[in-house]
């Protein structure tokens, strides 16, 4: 089905739902999903509406302008318009660990993720085999202190060339620069292997073991300038016991990481994630 | 805050959201929450809208009629209108086990449940002390094979006299008759101590132990004529191990029962539960 | 059943299990449960053995000395010996919030917790009614900056007078002094309303909301000098969503706190918790 | 590390732990793990002991006979002896669905599963590519009503030829015969895509949708003659909502199936699963 998705946020006031749904109805839109949320404290309104494009009166290219004039301006809306066709284009960044990459590729392979994966970029060459077995181009761009700026330029060139919509850091063990992030605001998803905000930074499983926690977790979040502090998209946990050493935690945690990351990608792809004040609103 | 809640289901077609939200907007309604769902296979539309009554142009008593004429008829809607004030009135039925009753009373006491509890009815006298300690009238109506019809009549009389909106069977170990149910369609909530549809009927923890399951559960559902087969409102589970005997299962299960039942009561109170084809749509 | 429980830790070496089980066998002990764990890195051995006292050849008062001479000395064991009869004696400290206290009292009432509760101590008078309804003495000891030392002395006097074995801080909103802790090493259980080590200190639900986490939690731990940094006994979590405000988090979290605290009390009572290097070994 | 694992069950009586641990100690065994459980009702004793072989006085080939004479006979023990080297040999049976197979292969590839996979057998040819990409022999043995007996003979021949220790049915959509099962008692692990005993048989996700459950699950069990009724090894669940249709359930469920099956394989490999009265005792 050809769908359009409208994502809106604006100051809260009366009549927004009526105005949006009226606009869609007047143009023959069959609403499939509509979700709405008001942050009562901030007096801010959030909405997601999804409708069937096939019988819609407006051409794809005209919707945005018309909606802007007839609805958005009056309500001072920030809005974006998306279509499920053509599919979004996702780049995957990895280092040496394969579990998240593998999980993404197998879900993609089985049709679970409605996305194009035009390329995988890695600072190591280890996972080339796996990636190419799935017929996806693999780019090895080594990163060191010295060449970091240059390496990121090369990465950005490839992303631009491949018209990438968003980036997934699937256990990519490098910190990306503010410059890099500025090209993909709220469009870089990272998986951190702890239940944030606990255990920010390196070696969270070691830290979790040292602290003696009974539950470990993983967190998918949008990357912002501050390390591991961006808006959280999804979290999940698993129970551990005293006899689990660090390597057990790593292994148990990997299952959690995979699930959390794939759910975050799915929510992002379905345009169900909105960001406000470093928190996410997630309709589902 | 004085709120109104409109619960709608009707055949799916275009313009429903627009028509409803327009009606509310035209009458000065400030929409607080709106949820919508379409059963694509059955082509059926479900909606819940909640708005602030304080600035609403219509009197409470006139909303229903006006909405019926101006919107509902055209779309062949089944709808109900609810207000959060005055509070709904809930009757609790118990037998000898106290954990669910206790949980309800303590949540009520702490203000977690926005409901009136005008009475507790029991086929035993065991829990009178607990109930009266919370200053709630306790009615002991013994039930036997012989007096069952009479006992239910007495129960119904009390429910009617106390203007009860809905009934909670908090481990009430009697099967209620179709006649009784017909007075409260989708308004009797039962807690069953298994993960339905597994272990229907009596002694589910024994059956779970015999089968050697690794996870037990509890299910809150609306009572229908068929035993333990009504629309499921909420379920939750807990992990068990080989060294847990039946009495452990009972104890572990009680924690699950309490949580499941209180969540179901909460969803029902918030008018977030709709029933269609023996399934529930739950907005939250 | 009259049971004895032996809790052992010592440097790891061969023959420990054999020596302990032999000692029990030679004295006619019927082993009910035996659990063992070796911290391979620290080369430290941990064991818990539980046996039926009824047919045991040794008098309760002689077991410790005999075990010490015949087994413990050779292996340089730290060991403690416990009996399930008479029941352990637990003091509960509370402030104004009732949910954890209520939960403990109702479990105690229904026979789920095999413990004596000789008294409840509070820095406020709010919960006197609830406690006295359960026929448990309630002691109001106000605590201020000025009288803190004096107040703790009074608390310690009551604990000593009532032969208290361990203390539960059931949302007691005061920091206890190192002096106080030294009287009950690894015998003060606190419930902290966050998933530690995230959100140490005051107002964790507010902090969780600000950070936008998708899962909240609670942690039961032994109290040590460093705030919220003692050995973790139990943790549990619950999922939250963007539409949950701080008061929702508080309410959802309370259900988690109750469950976590009661599990921790249960493990402690069953002598299944051992502490090593600020971590807990928990046999179950 | 070279380990030996002894799995014992026998009528409960005094002195079993002492006798076994003494035997190991006398022969220089360094016990790594010991777990024990008594079914009080059935008066049956279960034990698992794992020790370091490197410093053990007995040759691998002599342990069984010596243990039998010196310990097992006296206590009427059923016991089996296992070694972690050489690795156990596992056959995987699949049909068309790839998610469980993929998960097993990637865990095997990353070293998470200490097992040999000498072959994969399928009644379809669909997954040949995936399997051979991992350099594992793939055998296509079509199964129909007519050739079923013959097909199973061919399967058994391959299993025997490859010295297979146990079989995993990774969404193998055929019912195996009692004859086949008799060759691998409690050594065929099946993953059923429901929370057993709910939804036995075909199309459990459809049945779960129809019943309107709020939680779905998956179950790994040993295969016995009665369909989906064998001893349960592991179960896990996931939450679903009204807007999830059958295809969503399938997708959500697949994540659960993978995790459950891999945990069951892991427990089986570690010799932590014992079967008694159609239930499992699982030490971990």
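Side notes on the structure shown:
Going by the order they are written in, the chains are A, B, C and D; count residues from 1 in each one.
Operating definition for what follows: a contact is a pair of C-beta atoms (placed from the backbone, for glycine too) under 8 Å apart; a residue touches a chain by one contact, two chains touch by 3 or more.
If you're wondering where the values come from, they're calculated on a predicted model, not measured in any experiment.
Between A-D and B-D, more C-beta contact pairs join the chains of B-D. Look at the CA centroids: the one farthest from the centroid of subunit B belongs to D. Spacing of subunit A relative to subunit D, judged by their CA centroids, is 37 angstrom.
Subunit B and subunit D have Cα centroids separated by 42 Å. Residue positions of subunit C with contacts to 2 or more other chains are absent. In terms of inter-chain touching, the protein chains here all touch one another pairwise. Residues 37, 40-41, 195-199, 211-215, 217, 231-237, 241-243, 245, 278-282 of subunit A are the ones touching subunit C in the complex.
Residues 98-99, 102, 106, 110, 112, 133, 251, 255, 259 of subunit A are the ones that touch subunit D when the two sit in their complex. Interface of subunit B with subunit A (complex): residues 14-15, 17-18, 21-22, 24-25, 28-36, 38.
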